[in-house]
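Please go over the structures that come below.
Two complexes follow with chain A in common, the first pairing it with chain B and the second with chain C.
So, the complex of A and B:
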């Protein structure tokens, strides 16, 4: 627990809060990106290079762009007249607090169960690659197949319109 | 003497850092390297802009800048003073904060990319295990700054330019990654330093550069196409097509912020050329073994400038693509070819040393490209554009 951690944690939490509280939808998306970047930097601070860079590549490079595109292509970034807050925000807050409590409880409970290692294990990207294509090759291939199927499905859904207009 | 000249910048840095107390030394070393990168590449940018304007001028049968200084060589200084003294205009309806942040995010992200590019023997700022992954993850975050610029300007041309730019960058990022993965498969490492070192070997005086293999040659062409598109250079400059969109996503920027976008674009060209040099052109290694005495950094910067010259040449030669051609080209030609390249590189890896792998891999690539050319260039494919939504 050092200064860097607190700065990064603060950045992540602020980004997350801003993503929920800001009125303009595009601002929310950009604030969410700040939260993603904070998480990636936290991974890097823990010496998890692969997880950190993959977080940047996937979440900032793809997910944030996707969110922004979805906002722009659907209804524009104008704030609706009746405000952005849902009427059931109290219930939502309760659910969020409950989830947070359960997760926090689980984390605190699991801490003593971990073996105490004197030094942090060094995991290189090379080892991760070998594990992915060696021991975990079947899950990897299944995920790849699933994603390809989703991609083909998305293209079919998008192409449907053309046949109708002709 | 030769090795002193080769390592002159490293030795200079060690000497300068050695003057300081030992507590400050690690920080000072990093700071010095960062300052060097931040100074060298903008200077190269000024030089390249002049080269481009002169070169394009000659290609278009005119003189190019020739008023400021002898042969116009002081033009970059005049441009810099002009952009510094110009009024900074922010549109009234613009989103001031995001409008201000967009050029900064772009330039910072592009400068970060230089951290992992090896610019000579022992000349790399951070030699990390996953430097290629770092490069691509930082490159992916420049897309967001383009979007920020286009959206915050509240100008339909800006927004359309940004949408085009982001769509194009996402589409061409896939083949860019795929063509780089081929090199990673052969080297077995994501570290750019290791990739360059693996190419720094010679047989009969000729280097083991990746471009001199069947898969590397095809992969380099695909990489170059994707890199040109990724940096929004002509013929892929639709996001800032002057005849359609004024200036694309930075239409509403003036003064120094405009200069920052300009700088970011050229720095992106340098960094992607540096990456291509490291991946395919042997990085800082000499093209012939008898040229070993030339300092390694001369080779690196020479190769980068050569790539820039090719980019300028291409810009002066090819017309701009249409949006549908751009997307079809990325998804229906470049991406399948890079996927085939992965198969070819796997064949190369497992056929082992010897002449057999040269024959098999060359045959696979030749057949694929000839077949693609024969089917893709048939005349019945090329017809008038059909509009789906605009009729």
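So, the complex of A and C:
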């Protein structure tokens, strides 16, 4: 546990909290980007360079932009007068707190079983490419199919419907 | 606290924050943001277990996380498309006002 971990963990948690708590939806999207960046840096800190850069490309590059587009297309940036939280917010908060309590209890109880420092694994992009086109080629093809289906599906769902086509 | 325990606690905290956001916010887009945070917390768990697991050279955890990122991106695209489609029908993204399934 070093200083870098604490800084990155604080950045991620603060970004996540701001994304959930802020009133203005555009500010929420920006805070979400900070949380994604913190998570990507945590991946890099865990010696998972490929996953870290994939996180930056996919989440900061694509998902955050999509979220901002959706907010601006739906006038979601206007803060409603009667609050941003649902009237059942107390129940939701209780469920989330209970989930965190159980998860935290499980992690702390299992602390003796968790391994300590181990040598940093050396993973090159070459190895990842060989694994993706060797052992993991079937999941890769399925993900490719899924992304194509999601692309077509998202366009069809969001497409304008013609008024009363004959 | 071992390093793995620290990462697992951070992931649990991010997951709880995302869950709280998904359950308490009224804007549909903010609910999707909460779901994205939960997916990311799961990815952090996968990477942490891969890094401190017995066989990091097998690349299993990292591959799982990379595929999970791809699936989450597809989920975000379809989810936001649905929000835009619903907005066109009812002219709101407020989930408390969406109380009927008929268009």
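Basically, the second predicted complex is superposed on the first by the 134 of 166 C-alpha atoms of A that agree within 3 Å, B and C clash if a C-alpha of one lies under 4 Å from a C-alpha of the other, contacts with A are read in each partner's own complex, and residues count from 1 in each chain.
We adopt the following convention: a contact is a pair of C-beta atoms (placed from the backbone, for glycine too) under 8 Å apart; a residue touches a chain by one contact, two chains touch by 3 or more.
No experiment lies behind these values; they were computed from the predicted model shown.
K.L.:
Would chain B and chain C fit next to each other on chain A once aligned, or clash?
P.N.:
On the superposed model, which is not a single observed complex, chain B and chain C fit side by side.
K.L.:
Looking at the overlay, what does A:65 touch: chain B (first), chain C (second), both, or neither?
P.N.:
In the superposition, A:65 contacts chain B only.
K.L.:
Once the shared chain is lined up, is A:54 touching chain B (first), chain C (second), both, or neither of them?
P.N.:
It touches chain B and chain C both.
K.L.:
Look at A:12 in the shared chain and tell me whether it touches chain B only, chain C only, both, or neither; answer first, second, both or neither.
P.N.:
After superposition on chain A, A:12 lies in contact with chain C alone.
K.L.:
Quick check for you: in the superposed arrangement, does A:26 touch first (chain B), second (chain C), both or neither?
P.N.:
The first partner, chain B, only.
K.L.:
Chain A residues in contact: does chain B have more, or chain C?
P.N.:
Partner touching more chain A residues in the overlay: C.
K.L.:
Which partner does A:126 reach: the first (chain B), the second (chain C), both, or neither?
P.N.:
Touch status of A:126: first partner only.
K.L.:
Quote the smallest CA-to-CA distance from chain B to chain C in the superposed model, rounded to whole Å.
P.N.:
Chain B and chain C, overlaid via chain A, are at closest 14 Å apart by C-alpha.
K.L.:
Can you pull the chain A residues that chain B and chain C both touch?
P.N.:
Correct list for chain A: 50, 54, 62, 69.
K.L.:
Once bound in the complex, which stretches of chain C touch chain A?
P.N.:
Those in contact with chain A are residues 1-10, 12-27, 29-30, 32-34, 36-37, 40, 43-44, 47-48, 50-54, 56-57, 59, 62-63, 65-67, 69-78, 80-85, 87-88, 93-96.
K.L.:
Which of the residues in chain A come into contact with chain B in the complex?
P.N.:
26-27, 30, 33, 37, 49-50, 53-54, 56-57, 60-62, 64-65, 68-69, 72, 77, 124-126, 162, 165
K.L.:
Inside the complex, what are the residues of chain A that reach chain C?
P.N.:
1, 5, 9, 12-13, 16-17, 19-20, 25, 28-29, 32, 35-36, 39, 42-43, 46-48, 50-51, 54-55, 58-59, 62-63, 66-67, 69-71, 73-74, 76, 80, 83-89, 91-93, 95-97, 99-100, 103-104, 107-108, 111, 114-118, 121, 123, 127-128, 131-132, 136, 139, 143, 146-147, 149-151, 153-155, 157-158, 160
K.L.:
Mind pulling up the chain B residues that touch chain A in the complex?
P.N.:
98, 128-130, 133-134, 136-141, 143-144, 147-148, 151, 159, 163, 166, 170, 173, 188-190, 388
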